[in-house]
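In the two complexes that follow, subunit A is the common piece, with subunit B as its partner first and subunit C second.
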Partner chain A sequence: MDIDLITNILYAMIRTGTPLLIVALGELVCEKSGVLNLGQEGMMLMGAVVGFIVTLLSGSLLLGFLLAMVAGVLMSLIFGLITMELSANQVATGLALTIFGTGLSAFVGSEFVGKPIEGLDPVFIPVLTDLPVIGRMLFGQDLIVYLSFVLFGAVYWFINYSRPGLILKAVGENPHAANAIGLPVFRTRYLAIIFGGAMAGLAGGYLSLAYTPLWAENMSAGRGWIALALVVFASWKAERVLLGAWLFGLASILHLVFQGLGFAVSPNLLAILPYLATVVVLVLLSSNQTRSRLVAPISLGNPFHARG
Partner chain B sequence: MIKLEPRGERSSTMAYLSPVFAALLTMLTGLILFTLLGVDPVEALLTILYVPVSDTHGIAELCVKTTPILLCAIGLSVVFKAKIWNIGAEGQLLMGGLFGSYIALQLIEAEAFWVLPIVLISGVLGGMFWSGLAAILKVRFNTNEILTTIMMNYIALNILLWAVHGPLKDPEGFNFPESALFGDSALLPVLIEGTRVNFGMALALLAVVAVWVLMSRSFYGFQIKVMGVDAGAARLSGFKEKRLTYFALLLSGGLAGLAGVGEVTGPIGQLIPQISPGYGYAAIIVAFLGRLHPLGILLASLLMALLYMGGEMAQISLGLPLALTGLFQGMLLFYLLACDVLITFRIRLKPGKVTSRPPLPPLAPETQG
Partner chain C sequence: MKQNSSPPRLTLRGITKQYPGCLANDNVHLDIAPAEIHALLGENGAGKSTLMKVIYGLVKPDSGEVLWDGLPIDVRDPAHARKMGIGMVFQHFSLFETLTVTENIALALGDDAGELNSLANKIRTVSEKYGMAINPDREIHTLSVGERQRVEIVRCLVQEIKLLILDEPTSVLTPQEVDTLFITLRQLADEGCSILFISHKLNEVKALCHKATVLRAGRVSGECIPAEEDTISMAKLMVGDDTPVSTTYPKKLGSTPLLSITDLNLHSPDPFGVHLKNINLTVNAGEIVGIAGIAGNGQEELLASLSGEHLCPDGKTITFAEDEVANLPPDQRRQWGLAFVPEERLGRGAVPGMSLTENALLTGFLTGLVSKGMIAWKKAEAFADEIIDQYKVKAAGRHAQADSLSGGNLQKFIIGREIMQNPKILIAAHPTWGVDIGAATAIHKALITLRDQGAAILVVSEDIDELFLISDRIGAICNGALSPIKPTPESSIQELGRMMAGDFNQSVNNGSTAL
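Take a look at the complex of A and B:
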């Protein structure tokens, strides 16, 4: 294995891990407020298709990314309305959001399959890009990757050090107690859901505008679900979400590694790896029941009724 | 002003009406959507809901399409009753198809009455193997079954793709990713001459009756229902939670596996990469829409099968994207969840000073894994 190969693998690892990181950060914030939104996959797909169509028609990547986020937010608002106003089951509604998003994105995007666009170019940071091994990985990426670093820092600070972050956690642990001391449970949960939607939309946009600049049905290929597992894997901690997303990025590009090492393995079998890794990680982390109960937000998935 | 007011009890009328409302709202949205797309809305709706079943051939095809959806959904109704979220019917179906195909290809030369039963049983075992893994992961390792079953769907799909591109590919098939055609003795016999309606439909109906008896007449079914309503109460009554979990998941996986093997030995006749256009996911909607009741599920599967056929018909004659089916499926489930609010709440239109007490929080909050 030569140094170029390692450099390339590390570069691709971050690039592949970025959409996972973005969507998982959104879901982390959402789950911290006690809302389990299983609709990540559907919101990502809507972000991907809307971003792609907007960029194709307008020629503007910025507009594409912005509207991808708007699409994610609109999708998350459907989820919010049904779970919060109509007190529907979060699990079923999230599933519905994914099924709906998969269908709607395929419907909207059916005429845009296979059309080419100019994807997002990498921005090389002078000098730093030329660092051996890690230069390309950290400083030779596109803007959304850099944005994901910033987002990680922001979410990390928000959850651990800010006052609104504390409110978010209080709402997720015990919404009734939070309501009793006058914290805005509904507003907090809505904002968390919206943030989750925006992040999923952005991650979807990253897929169709930067990662593989094209639109294909179901192109998120389960990343929304992997992100959900990532949050469990990360024990609801932002820094572990970052680590996990990059590790899963690595698992997803192992075929590059195998090719580099000269192994011939069926691409279909290698495609199993990220999903298999997800299952293995879930097993490792969930086996200890007490521990998994302690790290999850206590009221995760529970509807909150009393309007404050 | 519209206000939601708690009923204080569950309205069983609304529980039955809600799926009807959901279907009507979906149709209404469809009408608006078609108008916006510049398609004659009435013609479009007829194309989707009536034209596919306007002749006997169409009705026969409806039965063919209903079979796998019904099998998956009836199995899901059991696990969902136990509040086990098996989202993996799709993967279990694919595994059933794969296992069945493997055996059918081994027995391709055999001409005997026992070939078909063996192929079908191996398909069922394939589905049970896949859901059994999910059960072990849930019971022994405490993993969230939603995430594991979803992941296993993707894994199953990739294993299937690997198999048809590799070991199970027809050596004389000009390198197409398809297996050889199965021998006649491995194919499901056609029930009605001149159509594709096969023995699988009979098996599906049998499964509906069996699950009905199991859930409403047997102690096992009772235990499953209690476990779903209140796991704590089930535990205190000495019900074996783990055994029930295994049972429910194996049953639903086996039925999904039967659906898969029924597709490859029925309408398809060989192993191909696309043995299911998402029947396993559609079955989730069907199970909810049918209120987890066998009869409701039978009706909902017919509707879902019609949606699949209607989507194809709309593509052929109106040039609408095939994804219409998926879009309608999603809308249907959303509307159902939204309409379900009417089971526990009633709508007050009167503006007034009637102050309603907020509903009490549930005594035992549902815990999510």
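Take a look at the complex of A and C:
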């Protein structure tokens, strides 16, 4: 295997992992507050289609990304209203949101399938980009990839070191106790849901504006589900989400690698890998009862009703 | 009190709170002076919890006013209450298991928490000052129940505190821990802090409190100075004149062994569990055997091996009459005639989200509520109604969810469900844990009646008074080993206390001659 191949694999690994990383960071924050939003796929698709249409019509990538995030936020607010105000089941609502988002994005985007736009270009950083092997991987990417590094740092710091992050974890563990000591349970969960929506929208925008600059129906191709698996795989830790996203990114380009090496392995078989890895991690986690009880947010998926 | 001239720290005037179908507080008055330890006494459902939530800003009263240092005030929410200097220790702790002690306390303090390291130091200082050693860096799930309560108390003390409210604080503590808690509370009161001590344990109120306000059915039924009252007169204020508050039951000794444990050794798979060591025990038909012990000395493991949750490969170690059952699962033991009341009400005794009818069905299905695989709902509903009626369970009806009942009422329901199946053997863990006097008396009577019908009953409890009251024979468990079991009249609280601490030697000699 020559240096160029390795450089290219690493570059593609990060690039493929970036949308996963962004959605998964959003879902991580959301789940830390005790809310399980299975609507990632739907929110991503809405972000992708809205971002694409806006950029196509306005010519502005920035506007495209911003409105992709807005679309994700609006979708997440639908989820928030139904699960928080009406105390509906989070799993059912999330599934419905994915189905809804898939259909709506196909409908809205039907006129725009296959139209070309100018995608996001990489931004090279003098000297650093030319470093051997890791130069292209870390410093030869586009702005959204760099943004994902920043987002990771911010989420990592927020969850582990900030006071609002502490409140987030407390609400996700025991919303009733949190309410009893006067923490804003509803506000915390809403903000977490909205952050999750914004990240899903941004990741969707990344797909249609940078990764493959075009709109195709259902173009997220299950990445929302992989992100959900990724959060579990990472056992709800931000640093493992980063690692996992890149690993999953690597897994989904493995068929190219094998081709380069002269093996013919079915890409479908390789596409199973992230899910297989998640199942293995789940089994490992649940083999120890105490650990499995403490690793996931304890009240994940439980609605909160204020008692008075 | 030290400052007679100053206004009371807290005054409640005419507090009334109506819930749908329930008048929780009816024109309640209450005065607490600075440095006073004030008891709020009452049975389950008397309105204690609602009243304390009013003080802590969790519930808005329909009418009435709250005065703080003589000035009217509207407590908006718990954060406001904390700012005023009110601290509260909840019965069901409001702690977060995956967070450290410091993080938990920082959460409650809001913006006043400051930097975590300096807060941790403050926690160390305060906890040492009040004799409640805790390590600020431990995560809550690694702490015992008693230690968790310390965290709740220290959480109140790291701020400037003027009124500390404790909701049934002793119900989760061993006698030794209760003594330590009382020392801390007296020290706090000496420093000028007012304490509102919510309880239904009259001995503790008598030992600790300067004054008491008694609630019954939402109203103040009396005020007294506990030191000058006897427990009977206070109990009368709590439960009214028509409920008997004290009684004794004749002791009986059975003859035919129904439940026998022979040389039971059990290795606990739980890393924090206790291994059972060579347990031998016989419970005869028509008697109640009581086993005392401090929590975590093997009670859980013993109960699990008796209920069938933990199977023993050697079936001979446990027999019901002549039948070897130690390797039979719970349902087959129940079919034999075993009934079991576990320690945890929600989760093991009852399914929180299910109705009382469904919960009645869960263990009552053997009594004709299921035929040919189909549930006879009419019969199940009738069974639930009968339990509710006979055991005076306060619930919105058989449709009420198990977790909507207060702890005492749910306990009455579970005990009733088990006893009404007419078991041959009943095993009950902590049958009156957190239950008020009236309900406890009802439960005791039901147990005695069942005994007189010829059932073998094993009661595991931390409440020594209760064990002496209802047990015909008594013993203790310590570190997985069982003391000799003696007829209750031949034992004493002192002897039982020694056995709870693992000192069986003296009693082995006494016991073998007595048996």
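Going forward, the second predicted complex is superposed on the first by the 280 of 308 C-alpha atoms of A that agree within 3 Å, B and C clash if a C-alpha of one lies under 4 Å from a C-alpha of the other, contacts with A are read in each partner's own complex, and residues count from 1 in each chain.
In this section, a residue touches a chain if its C-beta (ideal position, glycine included) is under 8 Å from a C-beta of that chain, and two chains touch if they have at least 3 such contacts.
Source: prediction; values computed, not measured.
Look at A:Gly222: by the touch rule set out above, it reaches subunit B but stays clear of subunit C.
After overlaying the two complexes on the shared chain, residue contacts for A:Leu166 are found with subunit C alone; subunit B is out of touch. Measured by the number of subunit A residues touched, the leading partner among subunit B and subunit C is B.
When the two complexes are overlaid on their common chain A, residue A:Leu38 makes contact with subunit B while staying clear of subunit C. By the touch criterion defined above, A:Leu294 reaches subunit C but does not reach subunit B.
In the superposition on chain A, A:Leu57 makes contact with neither subunit B nor subunit C.
In the overlay built on the shared chain, the residue A:Ala180 is in contact with subunit C alone; subunit B does not reach it.
In the superposition on chain A, no contact is made by A:Val123 with either subunit B or subunit C. Residues common to the contacts of subunit A with subunit B and with subunit C across the two structures: 176.
On the subunit C side of its complex with subunit A, the touching residues are 58-60, 77-79, 82, 90, 93-99, 103, 106-108, 110, 113, 141. Contact residues on subunit B toward subunit A in their complex (touch as defined above): 4, 85, 87, 137, 141-144, 146-148, 150-152, 154-155, 158-159, 161-162, 165-166, 281, 284-285, 288, 321-331, 333-334, 337-338, 340-341, 344, 358-361, 365-369. If you check the complex, the residues on subunit A that touch subunit B are 36, 38, 42, 78, 82, 85-93, 95-97, 99-104, 106-107, 110-111, 176, 217, 221-222, 225-226, 228-229, 232, 266, 268-269, 271-272, 275-276, 278-279, 282-283, 286-289, 292, 299-302, 305-307. If you check the complex, the residues on subunit A that touch subunit C are 163, 166-167, 169-170, 173-174, 176-178, 180-183, 290, 294, 298, 308.
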